[in-house]
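Order of writing sets the chain letters: A, B, C and D. Residues in each chain are counted from 1.
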Amino acid sequence: MLLAMTSDARPRTRYRPADRPPVDLGPIVRLRDFEAPARERLDPVAWSYYAGGAYDEHTLGATAAAWDAFRLRPRVLVDVSATTTATTVLGRPTTMPIGIAPAAMHALAHVDGERATARAAAAAGVIQVVSTLSSYGLADVADAAPGGRRWFQLYVQPDWGLNRALVERAVAAGYEAIVVTVDVPVLGYRDNVLRDVFDPGPGAYGNLPQRDVWKREDEIDAILDLRSVALTWKQLAEIRSWAPLPMVLKGILTAEDARLAVDNGVDAVWVSNHGGRQLDRVAAGVEVLAEVVDAVEGRAEVYLDGGVRRAPDVLVALALGARAVFAARPFLWALACAGEAGVAHAFGILHQELERALSMMGVTEPAALTRAHVERADSSRT
Amino acid sequence: MLLAMTSDARPRTRYRPADRPPVDLGPIVRLRDFEAPARERLDPVAWSYYAGGAYDEHTLGATAAAWDAFRLRPRVLVDVSATTTATTVLGRPTTMPIGIAPAAMHALAHVDGERATARAAAAAGVIQVVSTLSSYGLADVADAAPGGRRWFQLYVQPDWGLNRALVERAVAAGYEAIVVTVDVPVLGYRDNVLRDVFDPGPGAYGNLPQRDVWKREDEIDAILDLRSVALTWKQLAEIRSWAPLPMVLKGILTAEDARLAVDNGVDAVWVSNHGGRQLDRVAAGVEVLAEVVDAVEGRAEVYLDGGVRRAPDVLVALALGARAVFAARPFLWALACAGEAGVAHAFGILHQELERALSMMGVTEPAALTRAHVERADSSRT
Amino acid sequence: MLLAMTSDARPRTRYRPADRPPVDLGPIVRLRDFEAPARERLDPVAWSYYAGGAYDEHTLGATAAAWDAFRLRPRVLVDVSATTTATTVLGRPTTMPIGIAPAAMHALAHVDGERATARAAAAAGVIQVVSTLSSYGLADVADAAPGGRRWFQLYVQPDWGLNRALVERAVAAGYEAIVVTVDVPVLGYRDNVLRDVFDPGPGAYGNLPQRDVWKREDEIDAILDLRSVALTWKQLAEIRSWAPLPMVLKGILTAEDARLAVDNGVDAVWVSNHGGRQLDRVAAGVEVLAEVVDAVEGRAEVYLDGGVRRAPDVLVALALGARAVFAARPFLWALACAGEAGVAHAFGILHQELERALSMMGVTEPAALTRAHVERADSSRT
Amino acid sequence: MLLAMTSDARPRTRYRPADRPPVDLGPIVRLRDFEAPARERLDPVAWSYYAGGAYDEHTLGATAAAWDAFRLRPRVLVDVSATTTATTVLGRPTTMPIGIAPAAMHALAHVDGERATARAAAAAGVIQVVSTLSSYGLADVADAAPGGRRWFQLYVQPDWGLNRALVERAVAAGYEAIVVTVDVPVLGYRDNVLRDVFDPGPGAYGNLPQRDVWKREDEIDAILDLRSVALTWKQLAEIRSWAPLPMVLKGILTAEDARLAVDNGVDAVWVSNHGGRQLDRVAAGVEVLAEVVDAVEGRAEVYLDGGVRRAPDVLVALALGARAVFAARPFLWALACAGEAGVAHAFGILHQELERALSMMGVTEPAALTRAHVERADSSRT
């Protein structure tokens, strides 16, 4: 049933980006600056697929605005001459507590896809999480940047043989952790995907068989394909048995599930609303981050994605208790703008922003941030 | 005094919609997509009558925004392979916990009026509530779709003989419940109705005598006709005596009245602000839903209308304790766009949205939603 | 020093409105509908003078929005067949609990000025409060509509002989109460008044000597003329001794001052921010109404102005404890649109709105509204 | 290493304002009125440098809006005939509790730079705080207006000889206090500064050696030059030993640091977010003012800057416990509009606004304002 892809196969997608010279990175001084030129370069359907959310996109919008509910509390007159952005995640070093969240099909953004992303991430010393739905195969991505830290994000498929094969391939290719996505029992209802009848075409996925998954009788069901509808806590143990790697659960939004996760021996809980692409009217990650951190009680690391764009956002999340944060779209835009160089530029910006921000907070490393460094914007201490 | 209408009589309205081919339903992927094309097809006065609210329309606007105050709390890693949208309402099955709220004169939207609505609702397996002010008579509507579940909404008129006749006709035509509207002792002050001197013309109502109700001396009094100005709790018993059917009270917004309702033996309490068309500066239904549910203490079912447009809205209401929700305007727009097929398409969308949303919430049926699945957006659990 | 005006003298103002036929009142169904045509008819400087507020107009804007913080709680199934808008204020009947707040120089809006306003108010059976700065003299206004209820608003001037003369003239002309404005120790800083160098010209005031008050050395001081800079509680007793009439204090915004007012024997406390024209960043009246009502403890009546435009606003204020509400600008716009007929139309609208609103609240008279009929919009009873 | 500047040297900047006749001050009735004409006259890069903030400018925007969270509580019937705006700051008189906050390079706004500002401030009787980065040297500024009150703002440089020289020059030139900026261990990440590659050119600073500081290898590091990265509490004692002057710490945002400041013997704590130009997502000063005032417990004076534009803002800050407030940008705009006359006009406006506002608050001097005169806008006293 699996249709092997040769490792040099280029992904074939119907929404392949135009072959244009890279954007001038000079005027790009923040991650959001990548967005407009990326949009201009991407196929409109690919843009819509990346940028859109589920249902009325309340959650998508709220995820950007939710940060405004928090305020940093900077301390002064601290010697910050030795400030570093470096920290450890899952016990190993990273240059920054920010990594690349998994996103499907980087080749919609740039022909080099996840291979370009991998090279930039490895050069920057940050973690890349590669999606089950990556354009290039797991080994291809690893080969592109041997020294990098890489995790594998697993969409549990109905075909358990495939699930196991994917995990084993990740282990073989040196991936360091399995990130199991738990918020996609079914795909979210996405207006834009339905309107555009989004279909990247066979061969768009580097890890999956080349069947044409979209052509079914019921068009909506075809486009919004069922995923891990029957995945439960007890099956996690089986997945874990396939690989001697830490397991991260991505898509937790409640204290109850966070507690269950650590009770089930998970190594890290990743707070996420899936980029606003699954259920609408759920919280932005940062809104429930403290709830989850408190429930975990230090028994696992906690990560967050959702609207992280600038260093002050990172500081808020870390002060609330996240060990690291992740983002996906900004790096897709950077990839679309200039391939590997774009993503590298993005991390260059983040490093500058973060080092300064830590110093202005009066801390010398990410791990020194505490709840005393953050408060709700509407709080009154008087 | 009653002027009988023959069952094949077409309603005559001054604001009859243009006779145009149906809208292409392909690009319509959410209920709100019906609105713009519907507006284009409707007589402007009919549109204004349907869409408008009372006084400054604060409540009309607040009803849409009120949902944003709530947040869903989805649970993960639950086996949702057997998720169903089906539930029971008043002890009988419905395919979805969402039905068609009563609205006057569907023939302003489409020549087939409530008959088309009825066919679509029956096919979808949902409840239709037919208004006293329907374009077609109660029996006509029932005849159009014999297998459907239908309730009769009663505006208590000054003429008690007419009230009784209406209820008895509903019983005879197989309607399953009497929904007594209690928030219209007088009609709300509606600027647009006054500006447009709204008057659908004699013959616009299938259940009422063909008198020309609007022509009175005082124009404002004529247009904003008095209704059940003297209706009180003790008269409900009389209405109930006319029919061996469950009684629903529509238009409750306080715990006090909810308690009185169940003390008076009502079978269900319907939380509603009448589409923002009666008193302004009252709550959106969802804002007082929990208050009402708590007051009812399980002694009656609770329903809600007001701004329900997408599955996540439905989930919020159900988690707060509603047994079912209703909407009116979206189905009028669907009716205006494509008659029966439009309304059918609307329910197709809702079913897709709802089934996915339930699965993403980690529940397998509507009745499994609880208060733990929802919280106020400004709440902090830390 | 006083320069007597003959009673038939027309006020002379530099910003006299254009002599044009009255606006068609047909399409005007709410008070706000008067505003746009009024603006078109008024001299731009007169418009700016009426419409503007102090400093950055935060308070002016907040006064309109503050009502949104409150929600009505309507009760159903009450017999409201005998609903009346009538009530008593200061022990005497009024057809509605809404009156005309004092505003300077009605002749900027219409050549008949306060005489037209008086006739409309008397015909409607409501209270008119005539300003010290009225265009027509107190007796002239009274003569225009002998049967009406009228109060006199006193700006305490540096010239105490003038103050006393004004009060005695009010008594002689049958005014029923003295409304002492207490929030104008100095005039508020009003950008528009300074920009336009507002100066209505000598003869603009019917009650004041015809000196040319504006021409002083320091232009800002001239335009923003000092008023009752040294007025204190103990001088109130002297003012009271001049007239056997109830005394109302207008411009109270705190519980502390409300308590002092009743301790000083005042008959009514009028909560007001002076139309946002005095100090900026103060509360809208409705925001502090409950605070004032609670402080008064029933020992005096409480009135309110500030942003009252529609019946639901009136209900909110009454439910919070006001005995009556007042408005000024809407009646100036009505006056500008059609003179006496415009103001009469405004009260016709208000009566319709209010009678319906009371019925929909489930009360049969204004005095039946209680705190149980209102809540803060952000309150949660669960 | 220091390169002496002769006292008559004109600052040389690449962004020198156009040499145009002054703006007509007649229509300027509030500080914000200076902004638009100033923008028109300034070099776009200079405008951007002055007006911009750090990162996404959340804090810059929040600083303007934060005032809306507070409401003044005015008292009436107080004799305010003797109201004065005068008060004392650091034990010496000032005509108003508002002064000029330090800002770099006034010569970007007007060729006379800080010398013009100094003359206007001295004439108005208010405090001017001169920046380390002033266009003119400290002595030049002092010479321009001998009678004025002036403080020196110190950016602690890596070169401690320079720091000491600066302080000693300030003492010699009669400056009354040393304001140590503590929120710039590194410069904030400012998008506009990076985009424009802001570089005023050698000779732009009157107090600093004429090295060309911007040309370094790493362009971002060059533009966003490191400052007092290793400054700590214990070094403050050394700075203090250089001058027999009061020490003010500028840039405190937390109770913790306020407490440390008074424990370290500081004379005044200046609450500031550095005009939104350092770390983003921190509080507006007014939001944490009460927290700081409470922590200080009267052991030092507290000042505030950030969004002060009108007298009601000043009153809010004073009622919360500030002894004085400061602003920078409005005076830069005034300077750009009309040089010394512009700044003088700004203080004329502020005096008018403030005297009236105090009277309307029912207080006769700034020091009479208390916490009872202010409340949070969302507070409810009932």
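Observations on the structure shown:
As a convention for this text, contacts are C-beta pairs under 8 Å (C-beta built on N, C-alpha and C of every residue); 3 or more make two chains touch, one makes a residue touch a chain.
Just so you know, these numbers come straight off a predicted model, no measurement behind them.
Annotation of subunit C and subunit D: not jointly contacted by any chain, touch as defined at the top. The pairing of subunit A with subunit D is characterised as different-residue: of all residue numbers used at this interface, under half are used by both copies. Remark: subunit A and subunit C have CA centroids separated by 60 Å (rounded to whole angstrom). Centre to centre, using the average C-alpha position, subunit B and subunit C are separated by 42 Å. Subunit C has no residue in contact with two or more other chains. The complete set of chain-chain contacts reads A-B, A-D, B-C, C-D.
The part of subunit B that touches subunit A in the complex is made up of residues 27, 29-30, 32, 67-68, 70-81, 309-313, 315-316, 352-353, 355-357, 359-362, 372, 377, 380-382.
Against subunit C, in their complex, subunit B makes its touches with residues 55-56, 58, 182-183, 185-189, 191, 194-195, 220, 224, 229-233, 236, 249, 251-257, 260, 278-283, 287-288, 290-291, 294, 376.
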